[in-house]
Amino acid sequence: MPYESWESQLTHTSPEGIRIRGYDLTELIGGLSYPATLFLLYTGELPTVSESRLIDALMVASIDHGPATPSALAARGSISGGGTLQAAGAAGLLTMGRHHGAAVEACMGVLQKVADGESAETVIEEITARGERVPGFGHRQHKERDPRVDRLFELAANEDFETPHIDAATAVEATLLARTGKPVPINIDGAMAAVLGDIGVPAEFSNAIFITARLGGVLRHAIEEQGMPPMRRIGPDDHTYTGPEPRPLHEEEER
Amino acid sequence: MPYESWESQLTHTSPEGIRIRGYDLTELIGGLSYPATLFLLYTGELPTVSESRLIDALMVASIDHGPATPSALAARGSISGGGTLQAAGAAGLLTMGRHHGAAVEACMGVLQKVADGESAETVIEEITARGERVPGFGHRQHKERDPRVDRLFELAANEDFETPHIDAATAVEATLLARTGKPVPINIDGAMAAVLGDIGVPAEFSNAIFITARLGGVLRHAIEEQGMPPMRRIGPDDHTYTGPEPRPLHEEEER
Amino acid sequence: MPYESWESQLTHTSPEGIRIRGYDLTELIGGLSYPATLFLLYTGELPTVSESRLIDALMVASIDHGPATPSALAARGSISGGGTLQAAGAAGLLTMGRHHGAAVEACMGVLQKVADGESAETVIEEITARGERVPGFGHRQHKERDPRVDRLFELAANEDFETPHIDAATAVEATLLARTGKPVPINIDGAMAAVLGDIGVPAEFSNAIFITARLGGVLRHAIEEQGMPPMRRIGPDDHTYTGPEPRPLHEEEER
Amino acid sequence: MPYESWESQLTHTSPEGIRIRGYDLTELIGGLSYPATLFLLYTGELPTVSESRLIDALMVASIDHGPATPSALAARGSISGGGTLQAAGAAGLLTMGRHHGAAVEACMGVLQKVADGESAETVIEEITARGERVPGFGHRQHKERDPRVDRLFELAANEDFETPHIDAATAVEATLLARTGKPVPINIDGAMAAVLGDIGVPAEFSNAIFITARLGGVLRHAIEEQGMPPMRRIGPDDHTYTGPEPRPLHEEEER
């Protein structure tokens, strides 16, 4: 039966080779970093040095947030019942929604409005009038300040581009504090939205970058769970960290 | 109700900060690449420069293989029915099994046996006697040679470590050719198994690295599908590549 | 660490027994049908005989629609790559969205408005003005008439309750035909919405009933795929039905 | 591009109608129960009255086991993070493995050996020598006796067929008790395996019946969670049942 032909602009494969957005994959392997290649696959063009550094930093910031996140717990639950690693990873993805890890795109919409000239006050008012929270702000644990956010904004400030979306995020944060009298700080989704907005990555790609980066962490929790008794009652906050003590990252130890 | 306390050695979070394997995440952000941070999270220690380069290269090699893979098609099918991006990603992961993207760990077992001194002939015989295929060898499209493999082995050869697992993979490939008279080349799963074996990454982590890297690609296909008509009949081979023409990766354009 | 206590009104289990909505599960086993038990679990109360018959009929109507649905194809893709049965089922669920199998709840909202007195014309206008399709109407294959729908409405007419939602569905269908000049018939999601509305099942439960019933079909396709070659190119419309010839259901052969 | 034609023996759809295993779906709707239709779709033939009753009873027995099962918790976690109902259902399925809900097929293999004449002692010895548990026996909560099991076996005894697999299950249970001095009772997976074995349903279909039946329960937990605060810490044993008090199932209230 004939099918309608359909078009894809991403990757061309043939017995002769594989090209991503026109570039030979064998040149990209060893020639471009994974975060930069992801940028290429998503946007269609190679990142600048600044863009490449920031995408990489965003992915590192998103890699894991410990055993008590819904995604890590779901992955552990899957392993605990006898699931495969892939099943555990999928179960983890399926906990990601507007409350966990998938608020980046929605937050970009909010920041864009402020960057385009609406006042933070007006934009917040619209959202709260619908009984919703402002996406990208507030965190269960980091109630005052999310340490990942300051670091990302500091890195962005070191690069050579305008920061209207970071400025918008800061304005929204200040307005939220003024309205409620208590901090509702920018969270990792919000920081990702601000930085991606400033480097021009379209909003529709933003959740995907977080989800990919976080899957790396989720699968590691699944593998740790493989060494634990099946069907155990997993108290989400009853874990004790027994890994290495705090240690500094010396430049000379790195890549 | 009291729960049993359980231990995790991966990531410690508190209102004060986030530490991955003892390192402050704010130091890792901008201080270590995503692939190197993944290596740290998985193995517990920072990679050497060589290890970091190779993990990065393996992830780039795994990022995508076009629209006709089971994982990209499943993700498109999910979007086509009205699924979310996360659902599409999960559907993609769920197509990964021993036939697609999750043969790395099994292949590492095979290569380890050969690296430990068993003959490739004996190891292959054991597998085929069970009516199974040798994991990590053979590809639907790259019947003669998978271009990703040669590039990865070339990069590994440029670094300063022993290559018993790459040698084992080459021996298995030669033996398969001798036995059947036709090439059953090392595929991307096999190359990943060989390189990870040589840099000492435990087999149990190997599928996770492929799965994470490939999710980036799968989600991009899902996003492309979001622009297409819902409920279309997706002929898996009826796509035409309409992206950029072949183009060289000039060093100066990169990061 | 103490957790907040949370409440559940569904099922109580203890070493002594299992009670669903207060009823001893050992009395339900053999004492109530699965569809009626599902009704009990969802709504909190036993169905009447009429309600029980109709829930059962809706589940039968939803069980399968052949190999070309997105959900059956995704399940086959999962098996084809080496996934487990559970993974295949999950992949199938993840294709269900507003275009496939999860439009029941949205359709109930539409029918409720008409049943409450708005004209079908007004309600349709609102939806199409947003550039959307009316949920629960139209089918890729059953362009004139979905045979499942007539049968379900006939069964409902034989029972002793009012049918304002079925009437609303019929009105919407007639209005769509009048507006466009071509039939946009009630589909299975729409019929389920109409019947559930008339028996008073809340809209929030409606998608779940379809999804549960359809999973039975999806998993059967997955099992059939287990006997096929892995990694085959699955042309969605290239299947031939090779099962039993048409045959009548004689009353005497049934339960 | 041409695809290989492939065969399916399950369901034929056309603009004219839908036939499941040759039967017109419009005759099945209202003419056959959902469990009986599932039997038909799976095995290819209509069930007898006895088979139909027992499949129905097995599905009722499997529908739910309260909020603390891995599948219900995973579904709640998905909703808690912002997932859709379908995502929650899929996350639930992905916790099902050999430790939870997917041991029916493996147990059927064990029971078949005993039914075929091997001693329970020998069969158990083989399994425990591999360091594994006997699938289908033992339950976290029902340590002495699973009440669902006795009821299912009682129902089976009322029907008119031989019970070699139920007898095998009873023999394995007695042998486990004799070996260890403490009860390792038949669980719901084991009971399903025994009953399905006796009514001649092939082992490869057995997990699917449990999974389908349980999805109904899992989705109900997901819907209950929709009314709770997002991102709450879900202590798996901190729930209190606040539903209806114990009440009898009077025959007159039923269908």
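Chains: A, B, C and D, in written order; residue numbering restarts at 1 for each.
Here, a contact is a pair of C-beta atoms (placed from the backbone, for glycine too) under 8 Å apart; a residue touches a chain by one contact, two chains touch by 3 or more.
Quick caveat: nothing in here was measured; it's all calculated off a predicted structure.
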Contacts common to subunit B and subunit C (chain labels): A, D
Centroid spacing, where centroids are CA-atom means, of subunit A and subunit C in whole angstrom: 35
Subunit C and subunit D, separation of their C-alpha mean positions in angstrom: 20
Separation of subunit A from subunit D, taking each centre as the mean of its C-alpha atoms, in whole Å: 38
Subunit A residues counted as touching two or more neighbouring chains: 1, 3, 68, 83-84, 86-87, 90-91, 94, 96-97, 102, 233-238
Category of the chain touch graph - line, ring, star, complete, other: complete
Parts of subunit C lying in touch with subunit B, wherever the complex brings them together: 3, 68, 70-71, 73-74, 77-78, 80-84, 87-88, 90-91, 94-102, 140, 230-231, 233-237
Residue ranges of subunit B touching subunit A (in the complex, touch as defined): 3-38, 41-42, 44, 46-47, 49, 52-53, 56-57, 59-61, 63-68, 84-87, 89-91, 93-94, 96-97, 102, 141-144, 147-148, 150-152, 155, 204-205, 207-208, 211-213, 215-217, 219-224, 226, 228, 232-235, 238-249, 251, 253-255
Subunit C-facing residues of subunit A, complex: 1, 3, 83-84, 86-87, 90, 235-238
